[in-house]
Structure formats: structure tokens, C-alpha cells
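Each structure below appears as C-alpha cells.
After this come two complexes, each holding subunit A, first together with subunit B and then together with subunit C.
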Partner chain A sequence: MNLQKTVKSTEFYVALIILLLCMVIQMKSGQFFTGNNLVDIVRAFSVPAMFCIGEMFVIITGGVDVSFPAIASLSMFVVCSQLEDVAANPLPYFLVAMLIGLAVGILNGVIIAHFKFPALIVTLGTSSICFGIMQGVFKSREYPLCAPLKEFGEMNLFSATNPVSGLTSNMPVGVVLMIVLVFFGWFILNRTMLGRGIYAIGGDVKAAQRAGFNVFGILVFIYAFSGCMAGLIGVLRSTMLLAVHPNNLEGMEMTVIAACVLGGVRMTGGKGSVLGAMLGMALLIIVDNSLILLGISTIWKKVFIGAIIIIGTAASAIEVKRNERKLAIKMNEGGK
Partner chain B sequence: MDVIKNAINKDKNLAQLLVVFLMVFVLCTALKGSMFLSVSNLQSMGKQFPEFGLLAIAMAFTLFTAGIDLSVVAIANLCAVLMAKLLTILIVPDMSSSAVFMMIAAACLMAFIVSVLCGALNGFLIGVVGITPILATLGTQALYTGFAIVITNGSTLGGLPKQLSATVNSGVMGIPVPLIIFAVFAAIAAFIISKTTLGYKLRMLGTSAKASTFSGFDNVRLFVTNYVLSAVFSAAAGIIMLGRFNSAKADYGASYLMQAILIAVLGGINPYGGKGNISGVIVATIIVQMVSSWLNMYEDISNFYRQIIWGGLLIFVLIYNYVANEREKKQAMKG
Partner chain C sequence: MSDYIIKATDIKKYFGGVKALDGVNIEIKKGEIHCLAGENGCGKSTIINIISGFYTPDSGTIEIDGMKYEKMNPKQAIANGVQVIYQDLSLFPNLTVMENLAINMEVAASRKFVSKTRMRKIAEEAIAKIGFEIDLDETVENLTVGMRQMIAISRALLNDAKLIIMDEPTTAITKREVKALFKIIKQLQAQGIAVLFVSHKLDEVFEIAERFTIFRNGKNVAAGNTKELDQNKFTYYMTGREIVSSRYEYTRENAPTVLEVKNLSLKNGFKDVSFCLKQGEIIGITGLLGSGRTELAETLFGYHVADSGQILIEDKPVEIRSIKAAIEHGIGYLPSDRVTEGLFLSQPIADNISIEKWHEYANCLGKIDRTKVEEMTRYWAKELSIALHNIEDPVGTLSGGNQQKCVLAKWLAIDLKVLILNGPTVGVDIGAKFDIYELVKRLAKQGLTVIIISDDLPEVLTNCNRVMVMRSGRLVETLSTQSLEESHLAELAN
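Up next, the complex of A and B:
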């Protein structure tokens, strides 16, 4: 019974597709399962995957947050350009960035939860404000990374060298943060009352309210969480790139939303798992990184990503329709 | 007096917008009078707003049906890129001027055909397959931009015939050509939404898809028509952009997407569907252009401050409309 359930789940299909894709790439290039390629993929995976956790919470409640790249960029740039010589260790930088992110996130959450506006439009607005503040008030530009953060960024867990090409890739320490955050996300969703509340709101707000969930509080929490994490991830990103690129994250929201949905997080709310979102992101990152290994020019990248999003979302939409029809038939039969 | 009162009651939203319009106009004139009212400034304003105004109307169509079209800018760019590619292939050095115009017309026709196909795909994914509009158009946005990148190889396409940019940048009796194109398309949009059964049905669909089905409307067809209309207006914006920049690139006008949503919402289109009209969007477009031209006149204000203003304005307008609605509801309850 449990096996049957697993085989039918979105996560299973996505995992299967990833496996097939990896096999094909390996057969074609012989370069996929090499140490440095895998490290490169994990490296590229870590930042968007962390964004996925916050975004996932939001999507499960039936909203969407497109402001996190702006929040991350703003807090990263402010921290790196204004606090240059304040501290000798990286911790204060992360904390201040998280506070900035938290503030914007709370703003998002309060507006969305109080007025019940479409989350997309509100977060588009705050996103525009954040980018505006970063570019206008702080006059953002490429900026060198300050010493403590640079040191943090240069720390590696281990490095892998490809014996054939001689290329070396380093596993950054930030990956540990990713693992912690992913576990944290899983824990909240599956082991706490808060997680139950998040799912309940996505299923039916009114029912959640009657069941005694503090809908306003939970909504504010998830947007605040998403913003706070965005601040953290922004600084982390700059340590991974070893420089401050203020516009580097623009457009990331689309990839993250697509990954969540590909992994079975339902856009209308109430459904989704951390594992699914991670698998969805892994699929997108592997396609993104491996087209060259397959001998396809990188100019086709966007076409492939678009096609994957459309096919993935179409599959789940058709699935939903089929289930609804089944349900309707069952109900009719029950009525007789 | 009664006439004015009736007009205000008939369309409160438009009346409000006109008041805002007047206020902004007076403010701009008072602060930067000679510069703001100069013919050259008015003309350059008339050249600038049609492209994002058309995109805002395209967005408005989809907001009517409680959807959203994130692919408007991508469609505009794809059409512009295809036109540029086609024109550089079709036009040989010593072609007569009239033949060149024929080619340009043919390229425009092709752009519209492509946009119909793009819109039909959006409509199909939303209406038939049942993907939520945000996701479907998110996917097609990547897809269309992707095609544009493949066609241009990621670079800028230039080498266009002089006639195209000359036409778009010229004017008839001082009125810039883009403004004329905008006026024609805006009139068509306003006509469709407020005077035809199609517009009525779209509004019904936006109010409640279920009610629309039970009223015997063909929802799938309405969705497809809706997104095709949106795509055609985007293509028109793309043609103007092609002429104005005299080149095409896959990622021109990235900031227009946000601006299009802002203008549509500012213009009184309810993002939950069913409410608003095109005249509001047109007035909102002009307000946004006035503010942005006015800000441009201060050299020490960075362009980026506009983003803060747009974002803040978007949220402010949402809250304002909400409060106004609540008050109306309360009054209705009392009455």
C-alpha cells in the first residue's frame, strides 16, 4: 500500500526523470558522475534550494512571493557596503542582513494577511521598492567583499578534481547552512502545529480559522520567514561568489517558483513537500548545468527551462482534473 | 451640475483618476512649467508611453478574467526579434522605398500572426489544460524569451531599414506616430470591453468561472480569445519598441512587466477579476508617464527612485481601493 502511494507521487516521477537525465548525460559525455561536476551542481543548487524553502511555505498557503531576490540583493548590498569594517567575524553581517529581510518580510506579511490582497501583486510592489532603494539610495554597483566574509567564502569543506580535465571545484561551507535550512523547513512542515496550520490555510482559509488556527499570525510568519531567510541567503550568495554582484539574483524568483511547482507544490495551496521542491530544483539545475555536456548550445537554456515548466505544470494540472472527475463520479454513485 | 454628478456616479473610479490626473498635471506644471509644457516634452512623452501603455492594456485584458499574463514583454520582444530577423533577410540594398514599406507591412503582419499563436498557446494551457495563469504564463515567458535568445543568438539585432524607425519616430501634424497607434488600439480595447458581448462575457468569466459555465458560455474559447487579445496588444507594443530602439533584443523592456501590472491596477482593474475598464487604464498610463517625465527633469534624482515610487504607489492604490470598497459596503448595509 505504501509502495503504491510512493509510486504514484509527483516526487517519484521527478526523481525518475532526474535519474534518467543523469544517465543520458553520463552516457553521452562520460562527465556527469565526476567529482567536480557533482560538486559544481551542488554549489549551483544550494542558493536556489534555500530560497525554495521559504517560497514553498508561501505557495502552500496559496500565495506567492516574488520579492525575495530583491530582499536578498538589498540586504546583501547594504550589509556589505555599509558595515565594511564593523566586525572581524562574519556573524554580525548575516544577522543584520536577516533583520533587514525580516523587516521587509513582515511588511509583506502584514499587508497580505490584513487586506487579503493578491500576494503576487503586493510582493511585486515591495520587490520594486527594494530594488529601487538598493539602486537609488545606496547606488548599488559591483563591490569588493569585506575581509571576514571573504574569509568565510574561501573556506571549503573539500575540493574535487577531475582527473581528465584537471578542473577543480570546491564545496563551500554554505552547503552546511543549506542542509540545516532544508531540515528546518521539513521539521516545521511535518512536525509542528505551525506546519499543520500552513497546510490548513492553503486547503481552506475559513476552515483553518474555525479550526482555531491564527491565520493572520501564520501568514505574517511565513512571509517574515521568507524575507529573513532571503537576507541570510543574499549574504551567503555574495560569499560564494567572493564579490558583491547586486543584480545577480534578479529573475531567480521564476526558477524557484517553477522548481516548487515541478516538485508537486500546488499553486492553489494545501499541498507540497520539501522533498518534492528539492527534487524540482535539482531537475532545473541539472538541465541548466548539463546542456553543455550534452552538446547543446547554452542559448537554448531558456527554451528548455520554459518547456520543462510547461510540461511539468501541465502534468499536475491534468492530474488534478482527473482526480476531480473521479471524485465527482464517486459522489454520483454514492448518491444513487 | 447634475450631468457631472451623474457622470461621477456612473464611473467613480474614472472620476477619481481624472482628479489625480489633474492634480499631477497642475503639480508638474507648477514646479517645472516651461519645461513640462514645452512641445518637445509633450511630444517625447507621447512617444514614450504607448509601448508600456499597450502592455498595460494587454495585462488588463487578462486581469479582467482574474488571470494574469506574465509573458506580455516576452511576446513583444519575440515579435520584434522575428520582425528584425525577417526584415534583414527580406530587404536587399537597392530596393525601392515603396517595396521596403511593403516588406515592413508584411513583417508587421507576421508579428501579429506569431502573437496570435503565442496567445493561443497561453489560452490553451490555461483554458484547456487547466494550469493557473501565473504558472502557464511564467512557463511561456521563459519559452518565448528563450526562442528570442535562440533567434538573436543572445545579441542585439540591428541593421534595420531606415524607413521603419523614421516612420515610428515621425509625427502626423505634430502627433507622434506611436501615440496614434496607441490611440487606435486603446479605442479598440475600450470598445471590446464595454460595448461588445465578448467584453461582457469576459467580465462574467472574471467574476465567476462557474457561473459563466452555467450561463452557457464556452469558457475555453473565452480564455483563448482573452489571451490572444493580450498577445496581439503586446505585439503592437513590440513593433513600437522595434521602431523606437531601431534594434531588437530578447530582454528589452524588462521593467515593463511590473509597470504594466502597476498601471492596470492603478487604472482600477481589480486583480480578482470582473471589474474595471480600459479608460481607467489609459488615464493611469498618462499619469505614470507624467510623473516619470517630471522626475526626469531633476538631474540629481536617480532613475531608480522611480522604482520606489511605483512599488509604493502600487501598494498604496491597492489599500486605498480596499478602504473605499469597505466604506461603500458599510454604506450599502446601512442604506
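Up next, the complex of A and C:
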């Protein structure tokens, strides 16, 4: 990619904003570039960032998935409450949660791909069903974490202590999972024909069909993938919180979609990069985590996030307008 | 070996009891340019889908290069060198030129991983076939329709094409791009590739095709050499009726001025445009896409606000700062894209036609009197001979010509002084086209002033009494159409 294109990209602007924001926070508080703060940010970043990967796949095909918080909560709660003391290591818990997520994801995918129903409505429906089952059938409530998962949650890669405040933050093992998933997402989108198919469907479904892509298969795959990862992330989240909070993830879909849009993932499909979505999420997390450092009451957090979303969307809309204009001018020149 | 690349004989195709094709024949020789013409719904797209293997005919045989097929699937058609370029081009606007060119080949080869070097090689090979230069890393959505078409053609050539079917390739591109396209088609012919060119524009058929086939209502009505064809025969074959078109004669030299524009300018649109229209005049505006003609129309209709200049209606200066203001001053606008700008496709025909009258039909609580809506819809449907089953059907179920008549009806229902038509007959059948011409002339005789913006020079010449030519945002010439030659106008416009 050449320099000119890089400077024009959404990713570049978001990165620039992040950089400026970090410097402002650092100047104001002197606390931003401290070990424990950075660890805290990465910790808060990891779960939503993982959700971002699955959501991105879906948005690039022109759909949207709002069911992943429900899928994650349901699989997490079922696994933690029903399989207590079944196994001594955490792996089976993760696998069962992934299977539950996969099943709901396939259901989403098949309904959306086969009946061509709007993805928002279908996933809203499955979301409600999942929360309903969790609350009705499994009587969800706060629940202690079983021993193997607790052990897994207490494992740390390293710790960072702030010499001034004496606060210590731990880097959870889950971060490794996040890095793996982000790389996997990038690899699928950029290096496989499956990824090209995802972009192709977002560009023009009919053309994708005529080109010979298995549109049904690809759509089922992305929703199944999103669901499966949601299962995994649900359990991971509980290990990071060291307790089972069934309603903790509600509302996460807005943050994740906002991060995608902010990072240049086009809501109508066809455009978006892993880097962009990650930067978008980083920006939201930094704002979220750092308002306190700036001495701003957390009450203002929502206002800030809302404003950032509007500004981010407006910026990309203006860019589209500018391109249209440019095209018109090009044609004018051709007419001389 | 046979002389014919494709020979389809006695093809019949039904869709749930509806006859789409009723025993049609089409024969295309190797390396010839063949034109398929016919009105909407005559079975053109059905036969294309049969030749390309997407539909299976209910009876009849297809012979490709001497090989007989009763059933053929798309893969077999492609293997035999049949390629279709659809009207929508089947490109991915969000991907790069390179990916668009190479992706079909890569999918066909069941590749699992992306290789940029391999894709680039395929793409370079593709554009070399028609000697076309383009930045392979540009995103397709940033390109003009003409360039996109070239990409679709180069992509089709990759699979050793022997027959390329182009479905109405000239509807969305400029005159200049049509010329470039025709050059490419001739070039393909020189390489021995046959082209089936679907069009209902006679001048194009004459210019490019050697032989033609015309369908009407799923039947063959004529086939032969284009040399034997003329305008009257062509229209007769397409519509089944004799249509005589006469030039519009404007006789009311003393009529009052209705619209006057003085030094009107819009940034990135047009500059210093001045003209004066009398009551009952039909004036044409022609020029290339991007010449500022659409922006001018949209400014008169209040969609853009002019940066400087003056608009006078009936000699009184007026401010047109919104569409509402334009309508209040009696200006109506039929947009070039009726589907996105002129109609609510999924809404009933009645609502689409009556929308400008709603405030009149509503009572004090805002409830609309449906009997009045129905009455007026029936009146206008009859007046404009709109072919419809039920006035509550969505307007999207009508053909292009009838949709256009609905947009017209909407404006005619309110008292207009000036009606601006932007490309009124694009994508409209010949039959409906002449209905629209007759209607416009009748209205002008009754005192309506009409502006027709169009690329179609014969359309401008026969229907307008004056024509203005725009180039790069400026009004370069205003001419009377009396004794104006088409070739002269074409020169000015390009």
C-alpha cells in the first residue's frame, strides 16, 4: 500500500486520534504510559476485541449480528452451572461452550441464508431466545466459578505495579487467545478465498453467486463462526471476572458494532479491515478507561462514546461524498 | 464443424403456466455481431438465460458449434465459450480491479488461498486482451460505468470466449463510451469472437450489427440482415403497430415568457447559464454526462441552490431554495433515475400518482380521502393509457414505460407551468416511448412549457422546437430544431 492511500484511510485517522488522545491523557494525568494502566487497557480491550472479529465478518457480508452477547452469556452460564466439577482442566468447558454457541450460530446462519430474512431481526430473535432460556430454564443468577476455570483465570502472563500508586494489574492468559483470534480473522479475510467470498457477498450477492461462490455456505459459516467464538469468549470472560455474571455482557453488541463502524467497517457491507476494527475498539476502550485519569466523571462516558460514533460516521460519510464529487469532476474533464 | 456458434431451434419455456418463449429460433454465426431486439417482456432475457445454461428450456434444442444439447448447465455453456455480460455487469464494487478480473477464475479453480501474484498475472492477461489500460489496484466503485464495462468484457474474455452476450450494454454509458465499446466489439470480431448484442436502440443496431433477430411476446417476428432494416420497419417489428413521428411545430411566437434564467451558476455544476422559455415551448438540453445539465435541472427544481444568478417566473424574480418552493412556483421534475428518485417502488400505484395532491385530499385530521385518490388515479391511468391490473398494486410491478407514465401523471395532476424531463425514455419500450412523446407534445400545445434533457438526439430533434447544448458546465449553443441536422447537433454535443 502506498503512502498516499495510507494517509487517506480511516485506519490512519483513528490511529492518529488514539495517539493524540493518549498524549493528552498523559500530559494531563501523567498516568497513561504506566505499566499497570496499559495492562488494564489491554485487559479491558481483549474481550470486546474478540467479539469484533466475528461481528466484522458478519457486517462485511452486509448483515449484522446482535445475538453474540446472549450466545456468550447462555453458553457461559450453562457450562459453569451444569458442568461443575465434571472435568479437572478448563478445556472441556471451553469446548462445550463453543459447541452451544456453534449450534445457535448455525441456526442464525441457516435462517438468514436460506430464507433471506433480515439479519438484525433474526439475531434479535435468537438473542431474546437465548436470554430467555438462560433465565427461564437455567434460572440464571450470579454463580461462583468452578475450580478449573478459576485456576485458569488466576494464571497471569505477568503483572505490572505502578510505583506511585502501588496498584498492581495482571495480564490474563486470555490475551494470548485474543492475539490468536485476531490473527486468524486477519488471515481468513486477507489470505483465503473464503475471505474474498465474504467481501464479494458484501459487494454484490448476485455477482458472487454468478462467480461461483457458495453463498449459502459462506453465510452459514460466518454466523456459525460468530456464535462459536461467542461461546468461547463467554467462558473466557467469566474466568477474567473470576465469577459468573450472566447479565454482564448485555449491551456489548452496541460497543462492538460502534468499534467496527469507527474503524471503517461499512455497515452496508463490502468494506472493512481487522486493523480498523481493532483501532476502533482501542479508541473506545481508551476513552472508557481514561476519563477517570482526566478527572472527568464517568457519567460523561456515554456522551463521549456517542459523540465519537457520530463524528466517526460523519467522517466516513463525508469521504464518500468527496469521492462522488471527484468522479463527477473526472467525467467533466473527460468531456472537454 | 459448423458455421454457427449457436443455433437454438423451437425453444419453448413456461414459467408456472405463463408462456415466456413460444417456439423461438435464434442462429448466430461464428464471429458475427448479432443484435437481439424486442420490447420488455418479449423473452430476450429468457433466451439469454437459456443459451447460457441458467434455464432449461421446456422443449427445443440448442446446438453449440455443431454439438446438440437438450439440457445444458452454466458450466457446459462456459466450457463451450459462452459468456454473458449482464446489464448490472456482475462486478464487485468494493473490490479492486485486479480482484474483479481474477476472482471468477480463482473460484472456478477451487483455490483455497489468495495469491496476489497469481491474481495480478490473470488480471494483466485479461486487460491485455482488449488492450485496455487501468490501475489494477483501483477500487471498482471509483470507476465510471464505461470503465466497469471494459472490466466485465476483459473478464469474460479470460475463458476463451467464442460468444459474448451483452445485455443492453449501452443504457448507462455516455456517447463517448459507446464509441469505445463498439471499437472493442469490432476488435473481438476480428479475433473471431461472436457478439450477441441486446439493444432496442435502432441507431446502435445499424451501426454495429450485421444481422438481427427481433422477438415480440415470446415469438420470432423478424430476422435477417440489418441492411434490410429501416426505422419504420424496426419500430413496427418491435411494437406490432405503425408509428409515425412528426417534428414538434411551435407556432405561438407571441406567447408570454414563462421561465427566464439569468447568469445562473452553481459551483461544480454549471456557470453563467441564461435562457428564456415561452409558454408551450418544448426545449431540449443535450450534452455529455457531467456537462452540468442534470445539475441545472436540479437547481431549477430547488434540489441545489444556485450560487449566483436569477430565476424569473412569468417575469417575476423568484427565490427557489427548496423543492417545496419549486413546486409552489409550478415547476415539476421527472428525474433521470425514476426508480430511486421518482417513485416509491413498493407503494401502491395510486399513492405514487396522487402524492402531490394529498394535502388537498386530506381532511383536518390528515386523513386522506381514498375515493378521491382512486378517482384521480383512474382518470390519469386512462388519460396516459397506463397498463395496470389494480391501482393498489405496488408501482414496482409495472414495466419501465408504465412507471415513467406514473411519474408523469403525478406532475400532471397538479397545475404546472414548467415540467422538466430528465432522460424521459431511458429504459422505456419503443411503444411507451412514443406514447410519452405524443403526450408531451399534446401538453405543450395546451400551454405547458417542457424541458427535455436527453442524450438521444433524434428524441430531442423530433420533440423540441429548440435545443440547447451544454458542455463542461456552460451553455454553448441554442438552436432551433427546424432544419437542424442530427450530425451537426452530434458534433456540437460531443
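Simple rule for what comes next: the second predicted complex is superposed on the first by the 325 of 336 C-alpha atoms of A that agree within 3 Å, B and C clash if a C-alpha of one lies under 4 Å from a C-alpha of the other, contacts with A are read in each partner's own complex, and residues count from 1 in each chain.
Here is the rule we go by: a residue touches a chain if its C-beta (ideal position, glycine included) is under 8 Å from a C-beta of that chain, and two chains touch if they have at least 3 such contacts.
What you are looking at is a predicted structure, and each value in this text was computed from that prediction instead of being measured.
Student: Counting touched residues of subunit A, say whether subunit B or subunit C comes out ahead.
Tutor: B
Student: Looking at A:P118 after the superposition, I want to know if it touches subunit B, subunit C, both of them or none. Which is it: first, second, both, neither?
Tutor: first
Student: After superposition on the shared chain, which partner residues are touched by A:G306: those of subunit B (first), subunit C (second), both, or neither?
Tutor: first
Student: One more residue to check, A:G35. First (subunit B), second (subunit C), both or neither?
Tutor: Neither partner.
Student: Now for A:I129: first (subunit B), second (subunit C), both, or neither, which partner does it touch?
Tutor: first
Student: Between subunit B (first) and subunit C (second), which does A:P92 come into contact with in this model arrangement: first, second, both, or neither?
Tutor: Neither partner.
Student: In the complex formed with subunit C, which residues of subunit A make contact?
Tutor: 190-197, 199-200, 202-204, 206-208, 210-213, 266, 269-271, 323, 325, 327-332, 334-336
Student: Which stretch or stretches of subunit C touch subunit A in the complex?
Tutor: 86, 88-95, 99, 103-104, 106-108, 111-114, 142, 144, 174, 176, 268, 287-291, 471-473
Student: Under the touch definition given earlier, write down the residues of subunit A that touch subunit B in their complex.
Tutor: 64, 111, 115, 117-118, 120-122, 124-133, 135-137, 139, 254, 257-258, 261, 267-268, 299-307, 309-310, 313-314, 317-318, 320-321
Student: Looking at the complex, which residues from subunit B come into contact with subunit A?
Tutor: Going by the criterion above, the answer is residues 68, 125, 129-132, 134-136, 138-147, 149-150, 153-154, 258, 261-262, 265, 271-272, 302-312, 314-315, 318-319, 322.
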